[in-house]
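Okay, got some structures for you below.
Two complexes follow with chain A in common, the first pairing it with chain B and the second with chain C.
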Partner chain A sequence: MSLVAVGLGGALAAGVLTALAAVVVPRRVRSAVAGTGTVVTGGAGVMAGVGAMTGSSLSVALPGLLPLSGVSLTLDALGGLFVAVTGGVAVAAGVYGISYTRSHGLDARGVQVVFPLFVVAMLLVPAAASVGTFLVCWELMALFSLLLVVAEHRHRPEVAQAGRWYAVMTHLGFVAVLIGLLVFVAHAADDSFPALREAGRHLSPGAAGLVFVVTLAGFASKAGILPLHAWLPRAHPEAPSHVSALMSAAMVNPGVYGLVRVGFDLLGGGTLWWWLLVLALGAVSAVYGILQAAMSTDLKRLLGQSTTENMGLVLVGVGAAGVFATSGNRVLAGVALAAALLHVINHAAFKTLLFLAAGSVLHGTGARDLDALGGLRAGMPQTTAAFGLGALAASALPPGTAFVSEWLLLQALIHGLPAPGATGGTAAAIAMPLAVAAVALTAGLAVATFVKAFGVGFLAKPRSAAAGNAHESPPAMLVGMGLAGVACVVLALLPTLVLPAVGTVSGVALGVGDPAVSGAVTVRLAGVAGALSPLMLTLALLAAVVLVVGAVRVVAARRARRAARLWDCGGGPMSARMEYTATSFAEPLQRVFDDVVRPEQDVDVTHHEESRYLVQAVEYRRKVPDRVERRLYEPVLAAVAAWGRAGRRLATGSVHRYLGYGFYTLCAVLILVAVTR
Partner chain B sequence: MLGLLRKIRRTGRVAEPAPPSPVVDRSAVAAELGGSVQIRHVDAGSCNGCEVEIGSAFGPVYDAERYGARLVASPRHADALVVTGPVTRNMAEPLRRTYEAVPGPKLVVAVGDCARNCGVFAGAYGVAGAVRDVVPVDVEIAGCPPRPEAIVEGLRKLTGR
Partner chain C sequence: MNETLFVQLLDLACGGLLLTAVLVLWRRELVVIIHVFAVQGAALAALVGVLAVHEDSIELGAVAAGVLVLRAGVLPYLLRRALASAGEARRETRPLVNVAASLLTAAVLTLLAYAVSRPLVELAPSGLMSPATQAIPIGLTVVLIGFFVLVTRRRALSQLVGFLLMDNGITAVGFLTTSGVGLIVELGVSLDVLLAVLVLQILTARMRETFGDTDLDELRELRD
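Here is the complex of A and B:
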């Protein structure tokens, strides 16, 4: 039996058994059992994924399991990568969940049973080999995650609202994927992926374009891409933190998987405009997502918006790969797709770490509002270190994790200027520099965002009593964060451990023989004169820092020194209210991007009743609304509400009227039947 | 822009001719500063009369900067403090802290009669004392308020120019 079969079978068995065990075991040990079972499930998933990436594959057909379509599973290299990522996130979230669920009153049966099943559903999505299986797993994943999102709806009313948004948006996305794939299946022999692959070669451009655009809408909504992102910053923060990590780090990835699978594999690459559309959506999402995150003051919401940004970057990579592939530059397409897939892995690692650390903050202080946090370094040193590492990993600066994949992405984009006269040359010549600019702007804003999140949230003085009394999380939560942190460090320093495998996967997905990326310590790219050695870079950086600090020490030791009070304008001890808050830190950025974010503020001055010259109170409110949401969603919601009100007039409560409706409808149907027969 | 340039050309130089140097013998500390004195102004409870005159002394007509004196925004950047007004109870401690915040070698200039001996506010309930009761004073400039010429003259004793 191969590694893949053992891993996937083990993951399925472990997940289902854990769910069953969570039903029967007493409450005392339920969290531990469910958490351990999830870790085993995730570990088996990693095994299956790594097995599939290193060459072995698995095909299982169980025609009797599901009526009409049956179940067929195939785990190839592309699916393996996503299965391994999901498994890895599940291991960290599982360990973390043991303590987190117990201390947050989430150890009732509901959450503990659904959690391992959610992991299993996510592991199965990339392994599905027919449209029926894929859609069933997709829907199971959505339903289980919905149940987990609304876990705390009794405690906080916002959770219920977030759950409604999520339920509606995720099902609209599902409907889009369903319609797209059904249109595709109508042209194929049956609904298995090999049959679709065969049909994809003969599909007319119009039909193929329709399938692609409709499925893209569904997959983009899952990945939180503009303009279908509205659910993400609502649902991800309101879920319990270990579920947030699993959703934000793993559940957005099936969107990317579906796009690569349908676009490159099943439809065979398509035409240029598809990928320019993907590229544009990705670039806009990346910039808009990080801009919203930079304005955000809610720690978990900020992380959710940063997910939109990172998925946007991934889509830039996928779109660029498509553009290169359609214009014949398959080697460079391999590099771009490898960058996108590496960013999926990196994002999963650091987003898991960040969400788990945010959950730890929530556990230690009960607050998520950055303006009420601060000074956590003293109370929760390990969590502070974990979040600091995550923030470094998320900002694309040299020793960070995201740096490697964004560097790869930029290399692919910069070298993507086509030779004069190549097909689609003009479009690529315009799109690539714009994409480079978008990626660069995103990277800069990401640094500002994470400096804000870390500096305001964890350093300086506590801004509230809750933050002042912060206490460190229990060991299981720290172990969960530690696992994610180790993954971040390894991916940052030794990306060459995974890059060749990722390069092979992207080569296979695009139908290129050679791996796009190679090298043991130094990353070398195929067809591009670019090389990077993150380990050497970090060592050089460390050496430079040590040298500068040493030199400063030596020079300073020679001069006379005087210890003086910190200059506070002579006014006495500075209070926490004098600190920079998340809002004030973001204010200059908000001013710069005023035309994009359009902040709403209003000032109410209440005058004294005796005289207009005396002011009694001044009230100031400021809000940074999501502009896309305001322009796109609110009119639609208002229209739906208006239709609902109009429809209410039909139901007045009179029984005669309802009988009349029934009678006339029956008559109409009979007439229709009589006429059309 | 052109209008501004034209205005500059038309107006020309408005600074008064430099009066003869009042410097007789500079203190050792002032000599150490080498002719360039960065000044932090502290209002310890003034009626703002002295502030108007200080502003005038650093304006284009009296132009104290040509003698090497310059106003700065923080005591950390300063060589000297210019203190105005009687020191009120609320400002006594901040004045002491400001003095401590100035890196040595440092000087203190008391500007105006209030700073020298509390002036008309002497004995008032909110007044802690003259400047010299709170921090050591090196140069005193008399007047209520002192004329800009007097302030410039006092500052030239520090810069030695």
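Here is the complex of A and C:
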């Protein structure tokens, strides 16, 4: 038995057994049992994924399990990477969930049974080897996650609304994937992936383009890419926090997996415009997502919008890889795809950490609104440290985690200027510099966003009584955060532990022999004169900081010191009301990007009864709506509602009218038959 | 039975079916409609009986007897009982389409049925069963007229008769195309119809108790 077989079989068995156990065990121990079982499931998943990435693979066919199509599973290197990421996130979320569900009243059977099953469904999606299996796993994943999103619908009405959005959008996405893959299957011998791979070589460009665009719509909606992102900042924050982490860090990845699998593997690379489309969608999503996050004042919503940004960056990498591959530069394509896949891993690590920390804040204060937080450093030091680490990891600054993958991405994009006369040279020559600019702008805005989230949310003085009374979370939650934090640190300092494997995966996915990335401590890229050593960089940074601090101390020690109250312009002791809030922090950015975000402001001045020269109250409201949603979704929703109203006129309640519909339709069909025969 | 007599009897029975269906459209007295329906049941039974004699099939003969009992005896009896308890409303006062137009529509429906069933008729082997196959359009016409009654008549009882007319038509088409559905199948269908009529009778009684009328358009307000 290979590592992969043991891992995948173990994950399946552990997940299902945990779900069964959660049904029977008493409420006292249910959280512990379900959490531990999920950790085992995730651990087995990591084992299977790592096994698949290091060369062994597994194929299982169970034709009797599902009617008509049967179940067939194959775990190869590409699928292994996504299985490993999902498993890793599940381990952290499982540990965290033991305490979180107990203290939030989520230890009823429903949530505890569905949670491990959700993990199992997510582990199976990248392992599916036929269209039937893939779609079944995809739908199971969507349904289980939907059940988890609406877990708290009795407590908060927003949850039900978020659940509706999610249910509709995820099923529209499913329908898109279904249509695309069925069109594809119609050209193949059967619905297994090898048959599709064979058929992909002979597909006409028109049919292949149709399959790609339709499946892209479905996969993009799962990854929260513009303009199909509207559900993500609603559903991810409203789920219980450990589920948010699992959704935001792991469940968006199958979108990327599907895109790479269908685009590169099954359809065999396709044409230039496909990948330019992917690149453009990714760039727009990255900038727009982080801009929305920068304006957001809700901690979990901000993290959800940052997911759109990061998936956008991943799509930039995938799109660039496609552009390079179609124009013949396969080595550089390998680097770009490796960057994208590494960013998937990094994003999973830091988004898990951030969502778990946000859940810890919610646990300790009951608040998610940044404008009502602040001063958490004193009450919850571990959570503050965890969120600070996560914020550093999410900002593309050394020694952050995201820095490594974004550096790789930028390297690929910068070296992507095509040689004169290459095919598709003009488009690439225009697209690459624009993509570099978009990635750079995104990185800058991400720094501002996470400085805001950390600075306003955790430092300074408490802005509300709830924030003042914050208390630290129980040990299981801290352990969950700690695991994710360790993963972030390792990925930031020693990315070379995973990069060679990622490079191999991207090489396999693109059909290139040699790995794109190598090196033990220093990251070396194939075909590009670029090298980076995050560990050395961090050491140098630390040395510089120590040196500067030491120098300042030495210089400052010569002067006499005096302790005094902070200068407050004579206005008395400074209160929390005088602090910078999240809204005010974002105000300059909002001014700069006024034309993009279009904030809605409303000033109401109430005058005194006696005289209109005296003002009684001034009310100021500001809202940053999602502009894409307003322009794209609201007209569609209004049109659907209008159709519904028009349709009601057909159904007046008269029995005769209903019978008449049947009669006239029957007669019309008969006449049609008689005439056309 | 020689071939000529068989054809004449079959055509007579089919003519009876069609004529009674049109009469249901023509008459407004509910009592008369029920009588006409009973006659149609008898015509249907006669049709099956003729087929049974022609084929020398005892099983088919039993089916004919069953059809006679059910469609000319039990169902009209049940309908009459429903009518007796209905009180005042004994006339189909205001059909949605008036009688003259209904009769014209029946003619059009007959033409449509003939046009549609041409391929079925052409399928028939030019031999033993061809007279029966030739009569398929009659059965189809009865189905369509039954549906038309359902759509245009207001009283619950007329609706019931329309539904039963459709069923008669479907049964007739069944016998004419296959020269004898199995006894079990026919038994099942008959029980189904009987049950439906019983349920609808109860519903009619309930309707009258609740609304004091059996005009289906009164049900309009129940929605939402």
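Note that in this section the second predicted complex is superposed on the first by the 668 of 677 C-alpha atoms of A that agree within 3 Å, B and C clash if a C-alpha of one lies under 4 Å from a C-alpha of the other, contacts with A are read in each partner's own complex, and residues count from 1 in each chain.
Keep this in mind: a contact is a pair of C-beta atoms (placed from the backbone, for glycine too) under 8 Å apart; a residue touches a chain by one contact, two chains touch by 3 or more.
Note that the structure is predicted; figures quoted are calculated from it, not measured.
Of the two partner chains placed by the overlay, only chain C lies in contact with A:Ser654; chain B stays clear of it. When the two structures are aligned on the shared chain, A:Ala465 is found in touch with neither chain B nor chain C. Once chain A of one complex is fitted onto chain A of the other, the partner contacts of A:Val24 are absent, as it touches neither chain B nor chain C.
With both complexes superposed, C is the one of chain B and chain C in contact with more chain A residues. Legend: residue contacts after superposition of the two complexes on their common chain; A:Ala556 is shown touching neither chain B nor chain C. In the superposition on chain A, A:Arg565 makes contact with chain B only, while chain C stays out of contact range. In the complex of the two chains, the chain B residues touching chain A come out as 74-76, 93-95, 97-98, 100-101, 103-104.
By the touch criterion given at the top, residues 562, 564-565, 567, 569-572 of chain A touch chain B in their complex.
Listed in rising order, the residues of chain C touching chain A in the complex are 96, 109, 112-113, 115-116, 118-119, 144, 147-148, 150-152, 154, 216-217, 219-223. The touching residues of chain A, when paired with chain C in their complex, are 651-656, 659-660, 662-663, 666-667, 670-671, 673-674, 677.
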